[in-house]
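Order of writing sets the chain letters: A, B, C and D. Residues in each chain are counted from 1.
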Amino acid sequence: MTVLANPQLWAGTLSLAVPLAFPAIGGTFSERTGVVNIAMEGIMLVGAFFAVACSHWTGNPWLGLLAAMVAGGLVSWMFAWAAIRIAADQVVLGMAINFFGAGITAFLLNTIFGYNGTPTSTPALPMVTFPALANVPVLGWFFHQQSVLVYLMLLLVIVSHWFLFHTRLGLRMRAVGENPLAADTLGLNVWRLRYTGVIIGGVLSAIGGAYLSIGILNSFDVNMTDGRGYIALAAMIFGKWTPFGSFGAALLFGFASSLGNVLQGSNVPTDLIAMLPYALTILALAGLVGRSTAPAADGIPYLPNR
Amino acid sequence: MTKAFPGVVANDHVNLSLRQGEVHAILGENGAGKSTLMKLIYGLYQPDAGEIWLEGRPVHFHSPRDAIRAGIGMVHQHFMLIPALSVADNVVLGDEPGKIRYDRREAIRRVRALSEQYRLAIDPTAKIGSLSVGLQQRVEILKAFYRKAKVLILDEPTALLTPQETEELFEVVRHLKAEGVPVLFISHKLDEVRAIADRVTVMRAGKTVETVPVAGATAQELANLMVGRDVVLRIDKKPAEPGPVVLDVRDVRVHGADKQEHVRGVSFQVHGGEIFGLAGIDGNGQFELVDAIAGLLRVSGGAVHFDGRDITHLSPADRTTAGISYVPQDRQLDGLVLEFDLVENTILRDFRRRPFSRAGWLNRVPALRYAERLIEQFDVRPRNVHRKAGELSGGNQQKVILAREVARDPKLLIVAQPTRGLDVGAIEGIHRELIRLRDEGKAVLLVSLELDEILSLSDRIGVIHHGEMVDIVPGDTATREQIGLLMTGVRPNGATEEVTNA
Amino acid sequence: MNSVWQNIGRNIGMPLLASLFAIVIGGIIVAIIGFNPLVVYGSLVSGAFGNLYNLGSTLSGAVPLILIGLGIAIAFKAGLFNIGADGQYWVGAMASVWIGYHFTGMPGFPHILLALLGGMLAGGIWGGIVPGLAKAYLGAHEVITTMMMSYIGIFLVEYMIEEPHAPMRQPGFFPQSPQIATNTQLAPFLPLQVFQQSQLSVGLWIALAAAVVVWILLQRTTFGFQVRAVGFNQRASRYAGIRVPLYTVLTLGISGVFAGLAGGVQMLGVQYQLNDSFASQYGYTAIVVSLLARNNPFGCVIAGIFFAALNTGGQNMQQVSGVPASLTQVLTGLIIFFVAAERLIPMMRAWVRRRRPDARSHAADEGGTLA
Amino acid sequence: GCGTANNTSGGNASGNGTSGSGSKFKVGLVLDTGGLNDHSFNHLAYLGLQKAEKQLGVQGEYVTSNSANDYVPNLTRFARDGDNVVIAVGYLMEQAVEKVAKEYPNTKFLIIDDTITGYPNVASAVFKTEQCGYLAGAMAGLMEKDKSIKGINSQNVLGVVGGQQIPPVTSYIAGFEQGAEKVDPGVKVIVKYANSFTDQATGQQLAQDEISQGADIIFPVAGGTGTGSIEAAKDAHVYAIGVDADQNYIAPSTVITSATKGVDTATFDVIQQAQAGTFKSGVQYFDLSNNGVGIAPPNSAVPKSIINQVNQIAQQIKNGQITVSANMPSQ
């Protein structure tokens, strides 16, 4: 139980949740409009790379973040075009983007910066400790020395919930993901709404990638996402395609990973500890969360018969 | 206008004109091309040839958005609803109150007002997915009225309405007509057409045959015009010769998928050689009851005996094998695997037994022969067993299901809404088939929201209200008024119950 | 019969045309960077198919992709997404190796059979028991459970050989299992030296046979009938008397069985022991294999060979033309992208036709379904 | 065009060991799945090859393997194309090298981090990284005892972040523990594994955990993952020790030294030997005495006295007074 009183456990929980929550919420936007998105991994890598590159070139990490968002938006636009306009298989496209993202970032890294990685002088986004938060007893453990993106994430959860469930555009996006034909008969522009969802998803995934490269570090490395895009996919489903759910799942996974990290170094074999986050996820899913149903038209291209 | 789909010309140089303030009915057999024409007008399909003129000007609708902008409203035959959203969300979608924020409260208010105005009672906050199809029909109608159309298209709006609701709808239509709004109205119910329409256009096999004024035309004339031959509208049947009890339902209680109790202790018996009609307003537990008899819902109290045997706890497969056939209410969701071809769909309930399979191996050839025989016998069109069920028109889908269930030679046939959305010709065929089965000594349990159907076919009629059997009356003496009263929960001894719909 | 050819044309011709697209675009990129596209693509093709040895390597690489792809296709048929085949593969590999180095007294053939069955069983349990039961009875989404079980499976296999006194660790400096008995090593695909060299074992026969078995299973048995019915429409399946939860478990289990078999075949045919390296990513590639094959078993064979060719050809490309590995990955991504976007071709045809003022009948060409 | 494939011995196809007239001396490098960006032996081997290209005029080619299935084809392709030397990076390719070397007896093979013997055309390079790990551990232990150094806290704790529990990693760590223990008997060394060589975020988290438990010098042996650990050390104003190559460039004031592994020099040497016709088969050991492993020049945070003591220890290892085990204490 002393483990639970370790501030590092809780700081790590929040910190490790960020690169899952952004893409998971991003995926929520995409899938709520009916486009299955498993391209988060590739888009995160693209975001992570351009964040560092532009942060280095301009000397301003905020411009780096902006570049990540633009790059993520562009890649997801390409994905959206093929998924929506060409009605290509969305899962295959997603995998293609993942290959592409991993390859292009490695290629650019090596041709522009060489094999040793990005320059160490690259500026990173600031770490912030709000005294008001950091001095609260238990809460303070969470908010000690966190990246600004942590706070952005908390804001994002609330804003995207409001956006999806309390705005006209949000309602329309969800309608398109449930029954595009019905939405079409009501005069909604199905394709445009889907583009919107996918591109928002790409931008958010890219921020998740940027968190890894200039949020907590200041460098890019090949495959530095290490499968987080796929875990984010799971977090999105776990969270039943809602922002709060996705965030909750990301926190759970962050907690389990952080717990594993803290427990490492004891006598328990590291591989068994490494199973912890995954095992906990299954238990939580089976025990607490139960059935989650995708938006009804998720993954089905909409081709009006015109 | 012309519109072709791979393999069919659904609309072949169709002409139609709609005058200010008229109600114009379209009649035609299933698959004649009515819905296709409506979708062309609504911008949902693009014509291969031809054009639309609106108020003296040619218009071109690239999508429903253009049509809506031009003031066209439509009630779709297959509902265009979003099950995960609420009634209010569905009605206002595309024209929601609020600026950026969606003013949900205002939407609910507007929908409530609308539903009161048109007397289509509905709870605006209910999820569509939890509503019966009858209630969904109301939502679909409310959607069209919400938008205040200049031209209104109604594609079989009354298929699931009660007579009272239909009358309310007609009131609205007459009102619109008085305001000069032209209405296109599709229905297979000839009485309705005669009651509301000014002119009628008959379609056959994708072509417009004729446009005639309704005044003076009899139902028989319309029917003949539409089918192209003489149709028997009234069915003559011999008196029933009831045999032993086949189905014995004893104080059965059923909870639905929503965990609510829908059937609260119902008892009745069905004999061989009789048609037992189960009448009731939609949502009173009749469909849960038959689902439970077929084994798709668990019985939470009471017992079901079939052929002298307690089947309360048998699996659906075992009940099928024991000789129960079931035509479920929702043909697309329950009755068919739309992606399967007709061969696979005709053996859907019998693939386990010979000759269709042996020790786990499917035998394609007997299945193929069987399917070919059935679609021949039941006149399924097009006559191609390799078509996917989803590519058939709704009427033909229904025929496939009926063919499959009848051909199994069951002891008990349960049919729910067997003629929903079918044309008169097809209805005639299905009704004949049901009576033939009865005369062969089978037990038939008929559930229908169509009072006329119940009255014309049933030997005995049970009326269900709020999950309870109000009364069971003989079919030959029953009247519309008597049954209609029972359906609202007024018991024969005069005691009334609160009227509920959901 | 005409439609059969049309079908083949659509299912193979279109992806081919689309790949051509990707190849042109990739060629432009490669040329901009300063490589000769002809050399690059020449080395890709010759590396994959240029001679019997390269062909052998390609086919050898295709074996696990085909087998896993078949398993994933079965799951897709039942409407289930098995995203965790990687773990099922490794757990199957582990079981096969364990059996392979125990029971050394056994004669070769039964020993091989036992080892492969062990792999299949392990993969089946991994894919079926937890994800299947959790899905069928608790509604836990199989994307999550199979993915999580996959990570757990890989860590389990790591654990078995990594720790100093791990259960399957061979004494010695390197973390690896003992080698399987020599007589359990699979024979070459054909008794030719070149297949011995290129690691192409009878595993290919197993993969081809598996494709036939899957086709028969899905199309010719009541089991397959029920799997497909469940995949299309669960409510109608219940109405048809099919026990949907049971078939969910069975289908995910069988899906895992094929991944486990892939692991076993790979250990018995190529690797002979477990090493502490789990970088195959077969699970993800095989998803693309089965989807591009539209879940058709024979399509899985073709798509599996296609991806293996991209892999071996891509590595030859690095060796011969000096294109970096990362660029190979970019090209692979592009090719998959455009193969998925095969409808681009008919659509472009339609666009071109629409440009011409006289032609009006374009709509039929796009004829998609109103889903 | 199947002729060459049926050529079973491969002898005709492959070039002659001593370089034919006119044709260039070709070297093929088969990288493991980590590829050129592993910040470790794959990258170092490539540096060695580049150096050989520049200084010896050889023609180098390389390929990154995607899975264990690719080892044999990749090795074979180089051998068949007539490369004079084929280099396999990593012990995982042991079986593949044995198989291919048998088929191509005229091609010279080098395998890194392995101990293949009995093949006249195969050389193995073994790096005694436990020795440089020992020196790094000793330096860390000595720093730990000197509380006057800025950034060194009162707790006697060191942190190690391993990539994976495999010999190329654990031998460093084993040496590190022994070295630290030797100079600072009560020291506590926390060892955590990231189970990844690419996950910087986890590398950072693990280091932060160790720092929060009092570690003030972090030794990551985890390729790219280690970059994150060094970053964590930098942010917490404690120290780090680089690995494989001199990693001081990552954080000049944080990385006090690096335990280096001369995969680049070994690769270069073997190429040179092969070119000169002096190729030696069997195991070649690279250790402190032949500068095969070592530690990088310490930064200014390390006091001269400590550097001197570490140099003495290095001397003792070289002349055999101290022997370092490559096995973890529990092994």
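Rule of thumb we're sticking to: contacts are C-beta pairs under 8 Å (C-beta built on N, C-alpha and C of every residue); 3 or more make two chains touch, one makes a residue touch a chain.
For reference, the UniProt names are A, C = Simple sugar transport system permease protein; B = Simple sugar transport system ATP-binding protein.
It should be emphasised that the depicted structure is a prediction, and the values quoted were computed from it without experimental measurement.
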| item | value |
| --- | --- |
| Contact-graph distance - origin chain B, target chain D | 2 |
| Farthest-lying chain, centroid of Cα atoms versus that of chain C | B |
| Between A-C and A-B, the pair joined by more C-beta contacts | A-C |
| Separation of mean Cα positions, chain B and chain A [Å, integer] | 45 |
| Separation of mean Cα positions, chain C and chain A [Å, integer] | 27 |
| Whole-Å gap between the CA centroids of chain C and chain D | 34 |
| Numbers and ranges of chain C residues touching at least 2 other chains | 155, 158, 162-163, 324-325, 363, 367 |
| Shared-contact residues (touching 2 or more other chains) in chain B | 46 |
| Residues of chain A whose C-beta touches two or more other chains | 106, 110, 181, 222, 271, 274, 304-306 |
| Chains grouped in pairs wherever the two touch, ordered by label | A-B, A-C, A-D, B-C, C-D |
| Residue numbers on chain C that touch chain D, as the complex places them | 47, 50-54, 57, 60-61, 64, 155, 158, 162-164, 173-175, 193-194, 197-199, 266, 270-273, 275-277, 279-282, 311-312, 315-316, 318-320, 322, 324-325 |
| Touch list for chain A against partner chain D, complex | 6-8, 11-12, 15-16, 19, 106, 109-110, 115-117, 120, 127, 145, 212, 216-219, 221-224, 226, 257-258, 261-262, 264-265, 270-271, 274 |
| Chain B-facing residues of chain C, complex | 219-225, 228-229, 232-233, 235-243, 360-361, 363-364, 367 |
| Of all residues in chain A, those that touch chain B in their complex | 166-172, 174-175, 178-179, 181-189, 295-296, 304-306 |
| Residues of chain D defined as touching chain C within the complex | 1-6, 8, 28, 32-33, 35-36, 61-70, 72-74, 76-78, 80-81, 91-92, 94-95, 103, 115, 164-167, 195, 326, 328, 330-331 |
